[in-house]
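One chain, chain A, links the two complexes that follow: it is found with chain B in the first and with chain C in the second.
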Partner chain A sequence: MLASGLLDRLTGYVPFLFQGALVTLSLSTGAILIGFALGSLFLAVSEKYGQEGVRLTPMQNVAGFFVSVYVSFFRGTPLLVQLLMLFYLPAAFNINVPPFPAAIVAMGLNSAAFQCEILRAGLSAVSPGQLEAADAFGIPKKFIFRFIQLPQITRAVWPAVVSEAIDVLKSSAVVSVIAVTELTRTGRQIVAGNYRPLEVYISMGCIYLLMTGAIFLIGTWAGNRLTHRSNASSQIVQGLPGRLS
Partner chain B sequence: MDASLFVKFLPAFGLAALHTMELSMLALAGGLLLGFAMNAMRETGPRWLKPVYWFYTGVWRGVPFLVHLFISYFGLTAIGLTLDPFEAATLALVLYGGAYFSEIFRACWQSIPVGQVEAASAMGLSRRQIFTRIQAPQALRMSVPLIANQTIILVKESSIASIITYPELTFTTTKIVSETYVYIEPYLMLALSYWLLTLTISRVGRAVNRALSP
Partner chain C sequence: MLLQRLLAGFLSICAISAAHSADLLDTVKQKKELTVGLEAAYAPFEFIENGKIVGFDQDLFNWIMETTAPEVKIKLLDLPFQGILPGLAAKRFDVVITALTITKERAEKFDFTLPVADATTALVKRKGEKSVINAADIAGKSVGVQAGAAQLKVLQAFSDKLVAEGKPAVKIREYVAYDEAYADLAAGRTDAVAQSLPNLSSLIKSRPDIYEIINQPIGPKTYFAWAGRKDTDSASLVKFLSAGIAKAGATGKLKELQMKWFGFDMSVPSDAVPAPAM
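What follows is the complex of A and B.
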């Protein structure tokens, strides 16, 4: 590898890498949104499942069991395997799945399992006593969720959500195997042309690092704002009884 | 679905599962050693070495494993280091796992109340003694569930080594599929193999955790 001309080569292919990075970003954003929607749905139908002393309808039991198997499977097998199954198994029945939707769906289904468990842990961060107290005060159910559960759950799950977003972005590299031209595949194509794997893959790594670093920084900043703002509002609430009395 | 195919493919899958386990267990052992050393360096080493810790854990955790794999398999040949798929995958997975294990040990070490460290220091224990006698016994016990979880992640990441043709479970499956044009049975076996492996690890992790908790 000659250092001379490195800069010229970099200015030649780095723009292509950034184009690939845009695809990586849109894939990951789509997957995180699908994962959040599906994950919260799964949590909603299995919320009471497996808790002691709760009687469930047969429907709730079936839903709860399905979600627990789903979560165990998607967290217990590699994303690459899930992706290959989703892409090649329909082909056995002569159904052709286009790569990009297959990739985004596989990543979304995978992330749903992780986000369901993150949200479940968040739900348990609010002690039942608070809900009973709110109920005793006659606060309507939707207000209990909006003003008592949601702020605490958001604060509790935020760090895990940020780290899940980083994991999703990183795991998106494997979708290059089913011919989605995201960042990694773009890098492979450039190497196939110029035979300089070391510098191309290191540049590629730097772009991934830039993206995961940005998610981390923005996530931490937003997380700090979340806690700061809710501290401020809880001070107002703490001040209330004084003003009322 | 044809049940006889499962029997037919079983020997190939057994061998492939061994390869998967070989790679993951090497990564586990190497990663634990590296992670422990990095954490010990951060805790007891000189201050000027700390940026090494942050650079290593930051960069290695911020880049997809596939990119590490490409650099160690394709990239290193450019500086005259040619590794076969197994060596490249092991190197990449040890370094990747090591970064996560470093952070696991850091989290556990930092969760020991600082009062204990101050008290030990007031009693005249050296920095190294505090590390080995006060922090390590508590922190290591605490790290067991996290290590089990990370081991599951390493087993799953090892599937990516199939892309550089290391003959583990995923590679073997794609090979069987392309040779026999049978899709459903091999992919089912593949998913079940990983599921079984990761469930076993989580069981073992919980058993070790129970055995170690006071």
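What follows is the complex of A and C.
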């Protein structure tokens, strides 16, 4: 195997791998955003944030029940099963969901369950004592959330959110089963034509690594900025420099 | 139950809409769109070259569509082989244009077109491998095959035959796609791969340095064809495709494409779908 031959082949198929990577990226971005929006919505309707001893309204109890069923389902079944259900079930009722939207929605619904729990953990990381204290000082409710809870939640959940984003990107490899030609499927198609699995799969792995590496770097950078900002804002409210850092 | 009533209502709406529509071929011509399911990882029948789905089936299918219904737009859905027939049954696509071996089991559930190529199974081994000379030498050895493929059944039957002759059974290894089976053969984890001769011819053309065909069929004579659903709705579409294949056979187009993609031509029955040999 000549090195020049390898280079020729690489220039032949790597552009197609990048096309597949673009599909992977747009799928994952969509799924993470849907997951975050839905996840925070589910948390907002099901969790009473605030002081201890506050009773949940009946509506919140019902919502909480549905959210916990939702979360158990989407965390408790494989993404592959959810994808197949979303792709084949509507078809049984003559509803044709195109593969790409089906994949984004399935991945988004799945990620929503995880992100809901990540955010819930972040919410419970803020001790009730702080909220009672803020309340005692007469700080308005919306400011309590904005300046006391939110900065701490953000800091607490950020690493987990970044790792969830990486997870979503990697798990997108399974969507090829419903006819979405993302990176993994593109690689397999190329192998089926040139019968050279090793070099194609190594290139494919490198592209995945590039993408997850980028998410990690951007995540760390944004995380650092967030921490600085939120430190500053909580210091303003609390008047205790550096106490939370 | 409310849920049951809702479901019943929903199904009856579906039934009404189905009853009112014309058959599938009419719908396709009316909508000017045909959705096709295929596994573009099966060279030389359908595979990706320079980012496009090409191959013997694609050439033949496009020729049929261009000569008989050029106004219909084709939508290709590429998915793993194990999802092809379930997807057809679930109406995710109108027809499957991918090399499907005609088998009894499949013919019971799906409607096959006229055959497009010979699908008789043979074996491929690592080049120069001395321990496997004849097909029967795979007794007791590991042989790779695609899960859900007809070649798997052929291999099982061949293994049973060897056992009946007092030889050890073949250790069958199933793979999601053939590229993995070839890779494991090259890596020495298996000793042979069972696959149809036309497919193997394409493999040998690309990698003559690594693989070598054992030119002995290990199963009965079988054929590749395309398939639609087995209902009155799909019947006319399958017939339409069969007529196109017959025309390609009569005009010499079929032979021309076989020469182009396999490097040799083969005779296939052109009057009726052959009874499955297995």
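Please note the rule applied: the second predicted complex is superposed on the first by the 213 of 245 C-alpha atoms of A that agree within 3 Å, B and C clash if a C-alpha of one lies under 4 Å from a C-alpha of the other, contacts with A are read in each partner's own complex, and residues count from 1 in each chain.
Assume contacts are C-beta pairs under 8 Å (C-beta built on N, C-alpha and C of every residue); 3 or more make two chains touch, one makes a residue touch a chain.
Not measured: the values here are computed from a predicted model.
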{"item": "Combined model on chain A: chain C and chain B, fit or clash", "value": "clash"}
{"item": "Winner by number of chain A residues touched, once chain B and chain C are compared", "value": "B"}
{"item": "Which of chain B and chain C A:Ile148 touches, first, second, both or neither", "value": "neither"}
{"item": "Chain B versus chain C as contact partner of A:Phe87, first or second or both or neither", "value": "second"}
{"item": "First (chain B), second (chain C), both or neither touched by A:Leu123", "value": "neither"}
{"item": "First (chain B), second (chain C), both or neither touched by A:Val191", "value": "both"}
{"item": "Partner chain(s) touched by A:Ile178 [first = chain B, second = chain C, both, neither]", "value": "second"}
{"item": "Which of chain B and chain C A:Thr77 touches, first, second, both or neither", "value": "first"}
{"item": "Touched partner set for A:Gln19, first chain B, second chain C, both or neither", "value": "second"}
{"item": "Contacts of A:Ala156 with chain B and chain C, given as first, second, both or neither", "value": "neither"}
{"item": "Contacts of A:Pro99 with chain B and chain C, given as first, second, both or neither", "value": "second"}
{"item": "Selected from 73-81, 91-99, 127-135 or 145-153: the stretch of chain B that, after superposition, runs into chain C", "value": "73-81"}
{"item": "Set intersection of chain A contacts, chain C complex versus chain B complex", "value": "88, 91-92, 176-177, 188, 191, 197-198"}
{"item": "Residue ranges of chain A touching chain C (in the complex, touch as defined)", "value": "12, 15-16, 19, 87-88, 91-94, 96, 99, 176-179, 181, 185-186, 188-195, 197-198"}
{"item": "Chain B-facing residues of chain A, complex", "value": "1, 72-73, 75-82, 84-85, 88-89, 91-92, 166, 170-174, 176-177, 184, 187-188, 191, 196-199, 201-202, 204-205, 208-209, 212-213, 216"}
{"item": "Residue ranges of chain C in contact with chain A within the complex", "value": "10-11, 14, 17-18, 37, 40-43, 47-51, 77-80, 83, 86-87, 90-92, 177-180, 182-183, 203, 206-207"}
{"item": "Residues of chain B defined as touching chain A within the complex", "value": "58-59, 62-68, 70-71, 74-79, 152, 156-157, 159-160, 162-163, 170, 173-174, 177, 183-184, 187, 190-191, 194-195, 198-199"}
